[in-house]
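Below: one structure in structure tokens.
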Amino acid sequence: AESKLMIGMLPKAKGNAYFISCKNGADKAAKELGVELLFDGPTDSNAAKQNEIVENWITLGLDVITVAAENKESLSTALRKARAQGIAVLTYDADAMPDARSFFVNQATPAGIALGLLDKAAELAGGEGEIAIITATLTAGNQREWLRIIHETLPVKYPKLKLIAVRPSDDLKDKAQSEATALMSAHPNLEVIVAICTPGTPGAAEAVKQAGKTGKVHVIGLGLPNENRRYVHEGVTDAVMLWNTEDLGYLTVYAAAALAHGELKPGAKSFQAGALGSFEITGDNILLGKPYFFTKENIDRFDF
Amino acid sequence: MSPTGETPLWRRLLFRHETLLLLVLVVEWLLFYHYGTTVNRRGVTVGFGTMDRQMDILRHSCEIGLLALALTPVILTAGIDLSVGSLLGLCAIVFGKLWHDAGVGLPLAAALTLLAGALAGGLNAGLITRLRLPPLIVTLGTYSLFRGLAEAMTQGAVTYTDFPAAFLFLGQERWLGLPAQAWVLLPVAAGVWLMVHATATGRSLRAIGFSPEGARYAGLPVDRRVALVYVLAGVIAALAALIYTARLGQAKADAGTGYELFAITAVVLGGTSIFGGRGSITGTLLGVAAIAVLKNGLATLPVVIRLNATEELAGVLTGLLLLLALLGSNLPAWLGRGRTPR
Amino acid sequence: MHPDTVPPLLSLAGIEKRYGAVRALQGVDFELRAGEVHALLGENGAGKSTLIGIITGARPPDAGTMTLAGRVVAGLDPAAARLLGIACVHQQPALFAELTVAENIGLRLEAGGAWRRVDWRARAARAAELLQRVGAEFPATRTVRELSMPEQQLVEIAGALGAGARIVIMDEPTASLTRREQEKLYGIVRGLRTAGVGVIYISHRLEEIRALADRVTVLRDGQSVGTRAVADVTEPELIRLMVGREVGLTERAPGAAPGAVRLAVQKLGCAAGGVGDISFEIRAGEILGLAGLVGAGRTELARTLFGLTPADTGCIRIDGQEKRIRTPGDAIAAGLAYVPEDRRRHGVILEMPIAQNMTMAVHRRLFPGGWLRSGPELALAADYIRDLGIKAAGPDAPGASLSGGNQQKVALARWLATQPRVLILDEPTQGVDVGAKSEIHRIIRRLAADGLAVLLISSDLPEVLAMSDRLGVMRGGRLVEMLPGGTPAPVVMAAALGQTGRAVA
Amino acid sequence: MRRPTRELSVAGVLALLLVAMAVLAPAFFAPQPLRSLLVREMPALVVACGMAFVIIAREIDISVGAQFSVCSVVAGLLAVRGWPLPLVLAAAMGTGALMGLANGALVALARLPSIVVTLATMVTLRQGLNLARQGEFVNLPDGVQWFGLSQTAGQWLVLAVAAGVLTVLAWAARHLAAGRFVYAVGSEADAARLAGIDPARVTLGVFGFMGVLTGFAAMLNLVQSPQIQPLVGSGLELKVIAAAVVGGVAISGGRGSLWGVLAGLLLLATIPPALIHLHIEAYWEKAIQGAIILLAAASDGLGRKGGRA
């Protein structure tokens, strides 16, 4: 009786606004293509949980599994198992080991994100001064990766820029707000707060606003337009970095369906994704495009 | 609830908590078998009713199962250990660090990890028996402390991976038809079962749970026994850390986050009284199974009835099931006298 | 005022109360007049405390009526009883351990809703005044947890006194009081009587009843078997009413010729337990009685010997060998056994089957390698159930399902099973009926005859007198006197009270 | 009254920490950030007050974090619908009361152990909320933040309200008969019954009140920013239980004061900003937090061991 293609989409954390907007794009694509979409994942970032879901999907015999891997290594074994059983595997947002999947829908490389944020921070600080980072947890996979790149690049590229603290916020906006407040009081010369988790950006912005340091302490970070709109308008948050997450979900589902139907093969140079048109493929990375900075000027063009 | 000589055997068996739980488990299983199994578009039978799925459920339940086994003797003595999940994380890091950074061979690293678990359990035990502090407070403190040490040791950032296949076998492969880690769980279950049900030690744990003073007056080594259960909990948590690491192929400071609550839920669902004295390993295992089947069974439904968000639904249903089980097993108590809280 | 023309303040008719299978009260009638002290007498377990519970509303009766000043009261609860002017000093102090004396008294006395403001000043003043009236010497600001048992009892009494009640009930109020406090209490009771209060007074001390009470009602097996004016009744008659037959006290039997010294204790002391400088010895086959008032430190001595509160000075020798006893386990290994006084908390574990209770101290011997074996366990239990005549549904019956006396026998069985060389018995017949009591006496004698050294602690003076070969007397944590067997009771009492040479009033 | 040694020793540790901060990092005391940090802790303080009552009554409630989330989201959604703030506040407190009373009924009337009951309700509520909201933020309408006042006024208002709640409750715990009933029941339920106090009613009341305070606290948090995250309040239960216990509330019931809870909460809340000021890396935070809980408990244990036979 089953004739519809079944695609599983595994986010890092289901409740995260970032992935919710991914899902919106994915749903749109699923409707257009007439495929069945399962969107399920841990409620908080949790590698073990992701593993269990993938294994469940394998025994459920889905046609395609798409994952945003919380942790490269731990998920790859399960993904290889899926491929061995004839299930097509795609990664999006955060990659697994290359041999564990066919393609990676690359919204931006880790370096692209980390350096994008760092460059922006350096620009706002005028090339020298103190910056601080707010992360979700100290253990979260992709954030660790970005931090690693930042730590490596900083002394080389911006020797006068000083990273004075990395503070976890447990993905809680309120905690990020407290942390940012304490950071500002401990470091009166702090110039930029960089939030590398989405709840952290509005949290830090609210702290800066309450501290009356709008314009003195800059806030940049990852995030969705709707959660940051008012801070961007008020000038508290200078820029919110995001690739278009809805497009990411949309593209992922299109790529998944194409992969399952054998329309997307290794070695392809480009890929046509419905209403979004053509995307470039380099190696096995389908490129979504560069990350995007939402600023006062353009943020009102987006509603998600 | 107390059996007296006059109640016929069949009635005693029928109204046992374990029997009711087994019934719940069977009903769950049959429902999921019926509604959670289907044939996919490639003509393959998929879903809950497949052997693979059953094996996966077993595989995913091993760590929680171990922690629940560790907690049952603790709760039998009317204690509690909130730190087992954090200790799992700490032990995973200790293991990874020993093997990866210190270059210790895997068997020795594993042995030292078990020792670390015993020491951590010993810290709980010492604070509880020497300073006479309530277990809830002690293990609330070590809950934070152990996780903190794991993060401090890795600066939150290091993940140990690239374990050799021989070790990963323990977490990812099958042996003699069962997932390899089941061969860790089963002996531990048998061992703890024997300790609780077949030895004088287990008897004294119950006595302590019912009345620590009464046990002391009977000449039982109360402090030693209490220390034993916390140390044992530490060792078993370390064992769980090993198979967790093997299953995921990585050791990371956040391993086992929140597992203590799952394990406590399973133990209590299994009929062990949080006031101590009453409870069984069979019940605990059934409790673990009931939760695992519920969770994994619901996870198979999206394919069949297009139901998303099964994770949350499983949480809600587990909470309700726990309340129902409590209400059910307390029914006789309502008719008679109540117990004092906590 | 002639008592007979005064209508009763309180009357109970046909009161019945069951606890499961136990019929604690079976149609009790009782009557209390204003301005009288009415003693309630009866053996342990006769139902006195249960009756009190019904009057204070703590336990609803199953049947019967209660009339207070001519009005029938039904559905009584403690709060309502308090409003009706009924106050009670409970046998086991029912106090808030974490709160101060003043607050304990205040919570009990103050009427009014939950949303009223507490007047701490008035509370303190009132508590201080009441404490003074009962002769307490501690301040009302102390936390009850820090008080000794007798001090807690005084708090109870102060609370009842302060209620300004029409009816004051005292359930064995003098059991743990010192003599001076007792005298003070007598004064208080007499004052209440003069003020027209009806006092129900429970005591096992006949001389006290004679000195204080106007009338006495005797309960036996949950039935009221008679009410007498104290002036018109003799002690033997009261005892006959209580027990239902003439009871000759256990005859003093000449002990077997004592053997070698079994237990020798030298300069033993334990600061935490409040005992010190204790030296004595017991020979094989000898029963050493230990008399003293409650609080004299006898239980503490036993706990020290048994390693529950380990000694910090002195030494213990068993069969000539010095033993280091830091835990009960050490004590058992050394050949000691201790049947504690509080059997519900320490003697048996109520939730566990009696067979398991009995084998609890012999795990090592019965279960080689630590593996439980039900065969030997059940056999051992069956033996003791038979030998001690324990009435129970079976070896699987939980301890809680047994009557007090049978629980006591289970506790005894547990320690006999250890085949000890020295047996310490703490109030072994408290709460035990007459038949069982003489049975336990017989067992103790037999054990001594088998060569055990027995240390018998008992507040039942006739019991220790009759059973002991020698008699130690404790006071204030010290062993103050060692008397030969057959010493007359007044001499022992005087020694216990520290009034050498004078008889007790 | 018991000598408040425990409260004093916690206050002492807090004072020591503050003195150390004054010497090592005086910037910690800059008034504006300090006020902001304090304001951030006020919701937890209000919840901790409720938790103190629960623990004093010899119970525990580990569902408060989940209750806090539910109240926040309910209040947020109602505010979005344009309900006036007083009504939103009432709804939040009412929602809390319902959840608290449900816990209370299961504990007091069905006589189930509170730790298990609230474990079950925690899981149910938390997952139920996830089910309903899928983690989506609630963007609040203008005029909700700071109750529509200026920020400074709003912050002072939150501080004043929380301080008022604390003071009133501390006063009530000490001077209102109902407060003393809680201590009495926690100290000895049987004795309470004999003194004419109904332990079941007190227990029910304590849980219900816990819910009301949680709802109230959720509002104090809601007004501090223009949006609400459904995850809000996760981990709150551990924080407030730790605060109460560190502040000298005995887990065995009957003992403790709200001033001690205040000291305990401030101590715990001071650690993260203090670490930032002292330039200690974040990954030490949990270990230090755990060590402080253990130290506070151990000092109490040692004190008890010496003090009483």
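Going by the order they are written in, the chains are A, B, C and D; count residues from 1 in each one.
Here is the rule we use: a contact is a pair of C-beta atoms (placed from the backbone, for glycine too) under 8 Å apart; a residue touches a chain by one contact, two chains touch by 3 or more.
All values reported here derive from a predicted model rather than from experimental measurement.
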Which chains are in contact with both chain A and chain D?
B
Interchain contact steps from chain A to chain C (minimum; 1 if touching):
2
Looking at C-alpha means, what's the farthest chain from chain B?
C
Between chain pairs C-D and B-D, which one is joined by a greater number of C-beta pairs in contact?
B-D
Between chain B and chain C, what is the gap in Å from one C-alpha centre to the other?
45
Euclidean distance of C-alpha centroids - chain B vs chain D, Å
30
Rounded Å distance, chain A centre to chain B centre (Cα mean):
34
Set of chain B residues in contact with two or more other chains
151, 155-156, 309, 311-312
Do you know which chain A residues sit against two or more other chains?
14, 43, 138, 168
Which of line, ring, star, complete and other names the graph you get from chains that touch?
other
Using the touch rule from the top of the page, what pairs of chains touch, sorted by label?
A-B, A-D, B-C, B-D, C-D
Please output the residues of chain D touching chain A within their complex, sorted ascending.
25, 27-28, 30, 32-34, 36-37, 40, 127, 130, 133-137, 139, 151, 155, 221, 224-227, 229-232, 234-235, 272-273, 276-277, 279, 281-283, 285
Interfacial residue positions of chain D with respect to chain C in the complex
1-2, 174-178, 180-181, 183-184, 186-188, 190-197, 250, 253-255, 308-309
Given the complex with chain B, which residues does chain C contribute to the contact?
308, 327-329, 331-332, 338, 340, 345-352, 356, 360-361, 363-364, 367, 370-372, 393-394, 396-398, 400-401, 414
Within their complex, state which residues of chain B touch chain A.
38-42, 44, 46-47, 50, 52-53, 56, 59-60, 151, 155-157, 159, 161-162, 168, 172, 244, 247-250, 252-255, 257, 296, 299-300, 302-303, 306, 308-312
Touching residues on chain A, where the partner in the complex is chain B
1-6, 14, 36, 38-43, 46-49, 51-53, 55-56, 58-63, 71, 73-74, 76-77, 86, 137-139, 141, 144, 147-148, 168
